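Letters A, B and C name the chains as they come in the text, with residue numbers starting at 1 for each one.
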């Protein structure tokens, strides 16, 4: 694993002309846009296929491009050297983590990242993530040990389950037995039924007024609901599960975009508390804990219990809904403040006050 | 019942330094934010648990807090005296009405309210509300006298039905008989199937140019759809009603938040007319009628009929979607105009022109 | 068919004081609002019933009204003469095309239109539209020749099918046979299951920097999802198709409004490419091809395939969501830019640079 010392040594040579770099995908339009708003230069690491998209949006077009053939090439020595030479701080996003790989980032990617790279280990391991959330007082979906315990809708997940594949749904033991086939390795997890809310937070150790958390403050920057294909529209014809099975239509949860939304205000105390506890727990589990943008992915039941089924320890694509600020960021900042801009603001402030090592690793 | 005279006497001593007060819940962030935009001071009546939320959003943080243990304490003599001493006009919202109670507000809460408190009687009684809406020319869901008349999806509601409890659904007499048990007291009401739209209006008697209604004008400030748990996501696995019954999963309509939306423009003439008629009918039923923000809660059928199933005679939480104005308020005002800000604007204008008694009671 | 020469002759007399006119419906509030922002005068062609709506929104209120009894009256000689006398460029929208009729517009409406009126022929004929889309490399829903081929959910459409009527759904041959009755004339088309996205584009031949297409550039101005009654909410009670049939509740797709949304950023390359190809194909099919605002109406499957099921060759009502610009237009323009404003901007720029004939017909 790359050490904090290594990154800090790199940062030492950066001076005050730091640039923001990221892969041209996921939330890069927003990240570049925000950086420009804060007066920082940007670098887009892109494939030939994606580049025209970033040219199409002049206010989000990076000043420099680094061309690669596939996203994994960002690990190449020359690419890393170019980035460091240009004083780049890389903003990790979902595509970055997915295409490059958590282990590769931890061990091979020597460019300073916004946030704490130690979080990758805790975020990418389902058991560790669950431990973290439970320690932070979050309700999490129940796990069942045996099929005979199934007394509610459950997801049965095989190792590596993702989006549309590697899982099935059962509402009782019979359905489990009918569908399990010869699989031996699975998790039976409650499928909590309610309304999905994805909460966008930003934790800063550099500012203190507001909602106290850790050694700094927690900001609620917005929320969204993911649009999942095909599960969100499968109901439109009322086909029975049997009919869908016959037509070989599988339920899947592939994210295609995001919807904006606001939350019942009386639930904000609980949501902010969970955000705070997640930060404070992370400080105990992997000092200095999680930094910068993160997202709690939740389901709110009819009893108004908030179940956290996942955490993303970085900017999420749902923030793309709010390039000029969300319903919530408007109550915090006098100017339009997207998560992308908030990131640039943090990096700029850290640079100016010589605290960049406090918000990167 | 507190008389208009009593409130007017109180207002007489307020002078021009009126403050906006409300309970810290529901739409208070927006109300405080709007008041600050209009240059009015604010008072947050809060429990210890909610206070940190309002500290977390500095641009929505009230200048003063009044601490209470539970929302009902707002009725306490000392709290009321404090509010009056500080020249408070209280903005009633859904949580205020729910926690304090319509009867208590009418009879015991002596602080001036934005709007006409007589509306509470008409809004909180289902039969009176229905009478009001029908007189205003609104289509309302049909009522059936006997189970044998059920020829379409119906809600069967018991007294006090709310959110997830006290009702069931039946599509014919058989289903009714199967589910009614020993209940004797129920309403059978058509469950209109269509698309839900919640229209946010503001009626002012102080301004006249625009869409004429009553002695003033009607403004369309926006619209939303409520997000209800679990009914909005229950369909995602295609479980049959029988399977859900076995798993003891009840359908419920608990509001957890709101989605923004716009309306097919050719339906606006009808929507504005219903808003206008609702105002003008209210002026006949309880002079001077409804004032300030209100919401018509509707379902639009495939034939483009608009059924009004409820009216909220105060700010609704759906307006939280638009702290800098909605798609519609942008066509009315040159500046960002939330419903919260519109309220403050009305109070400020009324104060300056010595007409505060025209918009409060 | 009215010739380009006729329109150009008319434009010759317009000089630089062009006005924007449209029917008071669909997206007229936005079109007028945008015109005013760009400093252009506007004309609202309205029925008595709709006029008060446009008065209700002062920043969208046209400077002049032309009163008609029904929208088709816009074809009357006197109305056309009035429009031409006032130097009107008419912005066609969905209601305009629907109420006046594509053939009538092509052959009888002599007022210059924004865009190319030849597109009406290609847009309003399902077979031509399909040919256009396929030539542009768009995936389109499959067609089946015989009921025995049905192996997935299909829409069976009769001539003139629209919204709630003239179609049914079948998932296999049995269901087809059960429902077809005595109909002989039908199309069997795959019902692609996924997430719906309606992409709002603007193609300009007058500007060149950005995303190159045709002889100009393509702008992505936003996206939405249509809200359809009753299909979007029919699922809420889990009635079986049999129960709904008994209660005589038909599934229908009548558009009542729109929801805002953003797209997974990694799908933008494909979406922009399809937009570009649609423009370039149109230039070959009916020179100079499609101009100005258009919309690709798509379904994104779990495999992230983008099926285009329709094209609208004009402003769509989904753009009403973004009177001050969308998540995407913010990355292109330094000022708030709705599609309505973009139209006015194009007309103003064309007028000033004497290229109005390049963007109208």
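Quick note on the criterion: a residue touches a chain if its C-beta (ideal position, glycine included) is under 8 Å from a C-beta of that chain, and two chains touch if they have at least 3 such contacts.
Note that the coordinates shown come from a computational prediction; the quantities given were computed from them, not determined experimentally.
Engineer: Looking at chain B with chain C, do both copies bring the same residues to the contact (over half shared) or different ones?
Structural biologist: different
Engineer: Fit chain A onto chain B over the CA trace and report the rotation angle, somewhere between 0 and 180 degrees, nearest 5.
Structural biologist: About 120 degrees, rounded to the nearest 5.
Engineer: For chain B versus chain C, what separation do you get between their C-alpha means, in angstrom?
Structural biologist: Once rounded, the distance between the two centres reads 35 Å.
Engineer: Using the touch definition from the top, which residues of chain B touch two or more other chains?
Structural biologist: Residues 232, 234-235, 239-240, 259-260 of chain B each touch two or more of the other chains.
Engineer: Which residues of chain C touch chain B in the complex?
Structural biologist: 25-29, 33, 49-50, 52-53, 55-60, 95, 163-164, 227-230, 232-240, 243, 246-250, 252, 254-260, 317, 320-324
Engineer: Going by the contact rule at the top, pick out the chain C residues touching chain A in the complex.
Structural biologist: 151-153, 169, 171-172, 191, 193-197, 209-211, 218-220, 231-232, 234-235, 239-241, 244, 251, 259-269, 272, 300-304, 327-328, 330-334
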